[in-house]
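Structures incoming, each one as structure tokens.
What follows is subunit A paired twice: with subunit B in the first complex and subunit C in the second.
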Partner chain A sequence: MKFIQNILDKTRPAVTTGKLKPLYPLHNALETMMFVPDHTAHSGAHVRDSIDLKRTMVTVIFALVPAMIFGMWNTGYWHFTALGVESTLMENFLYGVQILLPMIIVTYAAGLGVEILFSYLRKHPVNEGFLVSGMLIPLIMPADIPLWMVAISTIFAVLIGKEVFGGTGMNILNPALTARAFAFFAYPSWMSGDQVWISGLKSGEGVVDGFSGATALGQYAAGSEAPAIGGQALDAYHAFIGQIPGSIGETSTLAILIGAIMLIASGIGSWKIMLSGVAGALTMGLIFNLVADYAISTDQQVYMALPFWQHLVYGGFAFGIVLMATDPVSAAQTEKGKWIYGFLTGIFCIMIRVFNPAFPEGVMLAILFMNVMAPLIDHYVIQANVKKRQKRAQLATANS
Partner chain B sequence: MSTETQEVAKSREPLFSKKNRKLISDPLNENNPITVQVLGICSALAITVKLEPAIVMSISVFVVLAAGNVIISLMRNIIPNRIRIIVQLVVVASLVILVDQVLKAFVYDVSKQLSVFVGLIITNCIIMGRFEAFALGNTPWKSFLDAVGNAAGYGFILVTVAFFRELLGSGTLFGIEVLGNAADKTGLYAIGYENNGMMLLPPMALIVVALIIWVQRSRTKSLIEE
Partner chain C sequence: MSKLIKIRKGYDIKLVGTAELKFGETPRVSHYALIPDDFSGVIPKLEAREGDKVQAGDVIFHSKVDSRIKFCSPVSGEIAEVVRGEKRKIMAIRIIAESETTYRDLGKANPSDLSREQVIEKVLSSGIWPTIQMRPYGRIASPDDKPRAIFISGMDTAPLAPDLNFALQGLENEFQTGIDALAKLTEGKVYLSLENGVSACPAFANAKGVEVNHFEGPHPAGNVGTQIHHLAPINKGEVVWTMKPQDVVMLGRLFSEGRYNASKVVALTGSEVEAPQYYHMVAGASIEGLVSSGIKGSNNRFISGNVLTGRNTGAKGYLGYYDTQLTVIPEGDQTEFLGWVLPGFGKFSLSKTFLTWMNPNKKFVLDTNMHGEERAFVVTGQYEKVFPFDIYPQQLIKAVMVRDIELMENLGIYEVTDEDFALCEVICTSKLPLQETVREGLDYMYKEMN
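Right, the complex of A and B next:
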């Protein structure tokens, strides 16, 4: 690390005062990413917490690591199962690395490219917000999606989801989910259906006869009572461990739970949103269980009758509620608002899943919708507080 | 009658004086009906999936606006103020029916694609807005120029949006496959390109219009507001 520090020190005069001034944002980004920045307060005395935005982001990335490692293994496992080939744990993992690594590189290249362009145009240092988005985006894509689609989705998300509103900290939408929503609507044949969740199925090379790659939720939505794939049941146990087809990082509830504990312990993810989100999902699942007998079709009835707690482990619910809904920028900011925000996210997620057969997975749209609603929730929470205090003040003056 | 003498004086100025030229050029950029006044958005979102309907729509709006503006301007001194909106509606409705019938007779396919939106030209805010704000107080020639400018500003945005949506959404321009054939995997499709399905959805039209507004505002200094 010493020699990197030396290079950065040596080039600093050139980019701060010298000829290469336009490159300063890049220099600054590299420096603050690798070392503790030596920035000091310029005026007055300020108490500073040692945790800054960059450290916050890095914690989230650490929380993502279990889901990412499991996702790599899972990608390889399903690929080789579909091919009908015996494979070891290491082979599975390496295949996943081979799939995920290019996606991560492409995402960072595309996203940081836009970010650096904007920081140059706006003359501010590169924000660290993209560190997390760049890691999240590959994890919520199907394994076989072409890299250029990942790049375009990322560019769209950074441009429309973030920079238009003024950059990191100003966005109303979660950038990673914006990227996924864009890919979902722009290239539906790569983002939905039963062909895309397992690597190699879409190209159809050497696949075992009759192997269909539908996810558990997809099969429930189609009215199957006991979803299975390649002879293995897609039940709640496998879903909890994560041994089910799905987007790369979202399958394992266990790995996400480890990440959730890290986020809550470090105080970075809001436990209020996570808890109320789970509560909302359970409530809606319970309501569906109760009214399942009155469903209009038998397909729907089967899906509604799915035990309410099982909604938590299937699909991207856990990933969404732990890592997406808790995004501090796009979520509700007020403490009371967080409860409402999380609860409604959970409710809408299950509602979209069950009611709309076109979207077997509902957490993406639910979170994006609640992102848009978050400022409204905050507004009413603050107004309620203002009214309460006004009343109290009036009472106090009346009594005195 | 001071107003009358003023009008006589105005009619003597050259047909394309600087003021009159501004009537045409203003709505193209600094006072664009779609991107600045934010009028006529619904049709811009709904019929811009392909270039052909967008162009037909622009021409229809131009015909209705130009004829209507001239008619209202000719009648401006005899329209009683209290029922002017009804008079305007009658004028625009009759013109729209004419346009609709012509489209049905000569370009039936496009007229089907435009469906209800030709009829909805009646409620297009640009038209009522120009009648109300301009034709009621200006001479027929000026009103005509104003209509040309506004219809051009509207059409320009429509065609630009439709160009990007058709090119990226269907890979065609005027129905001609410029990027190759998606089904046979020729041209760009052979190397893995795919049409962007979101471009065919109305929300993307909103985003494209927004991008145009963004570019326009950052280029035109007078539009930048603090």
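Right, the complex of A and C next:
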């Protein structure tokens, strides 16, 4: 440890007084990452909780690990399936590592670059928020998206999604979803359709003839009653395990469930948002089941008749509700508001998914929409509290 | 009508170093000091000069804003020094005490025989007035206000807090006299809140002329602010006064002994004290003699008060005017390698991100390390867990930060003071200075509204 401290001590003059001043936030970030600082309480309480933002963020990253590991395997699995090649578990996994690792590196480099620049301009230390965003962004991208698109999306998300609002803690939209939305609208051919969800399909090299890579939800939206790829059923069981095509980290409901348990047990993720989100999705799914007979087209009828609980395991719903909707900054901030926010997110997610043929997947838009609505929800929750207080004051004046 | 109120939100920080229920022999203290910073919102105007001889109860300074509010010497002796800081701000008035305290005679009286004005007059002239605090704003009460009620908390739930039932043993008469005096000051009730399930000392149990209510639950159940909120919350335009039990005793002595006797029972606590126990001390006493021996380690923080709201006095500091507790804990000025990512067995945290939660009864030796740097607001819903008010704490803090008067008012700033946010500050992930922020907000509101 001493030698790390020595390196940090030796390089400090260069970034505080020397020529490398713009790198001070980077130096500071590295230093506080290696060593919890020796700062002591100067005002207020003399003892402090051991938790800080780094601890909070790293807990979320730990919760992402199961989905990440499964996503790596799944990426390889579908790649080799599309090529019609037999592959081992390890080969699948290593192929996924080879896809995902560069994406993670590019995301962190691009995002932290912008963060450090703004830290220097605004003269504040680097906030840890991007540690999580930087891990989320690769997990919600299709496997074959070019790295430069990932970089541009990340830069856009940090710049427009976060820094223009004042940085960490001030943003309205979830930065990771902002990156995905940017990629979705800027490069639609890389982000939607039947070709993008399986690595190697878009280039088409060596792919088995007639192999289609449409996701389960895509197939439902197209009116298929039993989606399958290359003879392998994309049923609810496979969706729960995660053996379906999709964005890298979103497919396995099981892996995400493990993450959800970690988040709830540690108290970092809001169980209220997760629970009410699931309740909202089930409610909407149930409503669709009940009125499926009145659908305007047969394609839609199939989608509406999809057993309501299956919405939970398909697509990005689980990933979105557990890891995106619970972002404390862009979600509702009052405890009552969280119930409403989560529930409506669930409702809109399934509604967009089923009703809008352009978006067989509705989670991203539902969460972004509710991010925008969250301050409004909070406003009314807080107004109720204000009214209560005013009423009490009026009563007191009337009685005196 | 006595109520039992259960507080669910809150947290007891379990620390090592509770004072044993016995008295130690207080070493002779020759140095005393009045510290103007103890009094929120007071700018001192000196009435005595360096070298003056004073008796206990002689006025040292008064408040520039209201010259009726006087601050008196707790002992007799000579004013040794007026310590000044930047811009000649008065930091402390040091007094060297005589071996035997002589008191200025303030005249005995039975509060029941006096009018409200006479009681106020007497208390103002004695140096005891500043122990009466007002809400809103959490500062010294204004003698012009007519408080709706007066609240006394007979329980202290702060970490390592002194046991008030022990401290008030044998002080029944003084306490009752103090209550009688307070009853003159308000047309409303005098409330006394006691801890449920604990047998109250005779002073509390036999108190007459008060409405007794019982509270139970974790800190801040014992904070008077919590109790007011649950018994009769403060509305805009209302004023209530609060007083601590030992100060009520002091008030009682003013009438029964006719003098300003600032002696009180003080608990010396904290993990670094070898034998934590109680002492008889006078407000403003130097703690140097008390802590010159019997302290473990060499790098410690000496706090007048508790770890949540106390003042860092240093080893040569003084017991604060309002304090009945001294706490000694280790300083935490060391770095920790990768502390934020390791499992953290045994680390203190309310969050379950450290594995300490598996051992809920553990008593901690906590140091003063911040465990991280200040950050923007990110996490939500954490303050609510330890904040037993029907108030949105995070939104109120934000309103204070942007100095939005109407919003602060609407969100309930009149009901709180800085100490109510102490636990929120302890657990804040973003390490924000909440107590300081709330204090600034209250002072700002006071300036705008008066």
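As a convention for this text, the second predicted complex is superposed on the first by the 372 of 400 C-alpha atoms of A that agree within 3 Å, B and C clash if a C-alpha of one lies under 4 Å from a C-alpha of the other, contacts with A are read in each partner's own complex, and residues count from 1 in each chain.
Please note the rule applied: a contact is a pair of C-beta atoms (placed from the backbone, for glycine too) under 8 Å apart; a residue touches a chain by one contact, two chains touch by 3 or more.
Given the structure is predicted, the values throughout are model-derived calculations rather than measurements.
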Quick check on the subunit A-based superposition: subunit B and subunit C, clash or fit?
fit
Tell me the contact category for A:G267 with respect to subunit B and subunit C: first, second, both or neither.
second
Can A:A186 be said to touch subunit B (first), subunit C (second), both, or neither?
first
Looking at subunit A, does subunit C or subunit B touch more of its residues?
C
Quick one: is A:W148 in contact with subunit B, with subunit C, with both, or with neither? Answer first, second, both or neither.
first
Could you say whether A:L101 touches subunit B, subunit C, both of them, or neither, answering first, second, both or neither?
neither
Scan A:I382 for contacts with subunit B and subunit C and give back first, second, both or neither.
second
Who does A:T59 touch here: subunit B (first), subunit C (second), both, or neither?
second
With the two structures laid over each other on chain A, which partner does A:V208 touch: subunit B (first), subunit C (second), both, or neither?
neither
With the two complexes overlaid on chain A, what is the closest approach of subunit B to subunit C, counting only CA atoms, in Å?
12
Residue ranges of subunit C touching subunit A (in the complex, touch as defined):
13, 15, 159, 233, 235-238, 301, 303, 307-310, 312, 327, 329, 331-341, 344, 347-354, 366-373, 375-381, 384, 390-392, 394-395, 410-412, 418, 422-423, 425-431, 433-436
Quick one: in the complex, what on subunit A touches subunit B?
146, 148-149, 160, 164, 182, 185-190
Flag every residue of subunit B that touches subunit A in the complex, lowest number first.
192, 194, 196-199, 201, 207, 210, 214
Help me check something: in the complex, which residues belonging to subunit A touch subunit C?
1, 4-5, 32-41, 43-56, 58-59, 125, 127-129, 167-170, 265-268, 270, 328-329, 331, 333-335, 338, 378, 382, 385-386, 388-390, 392-393, 396-397
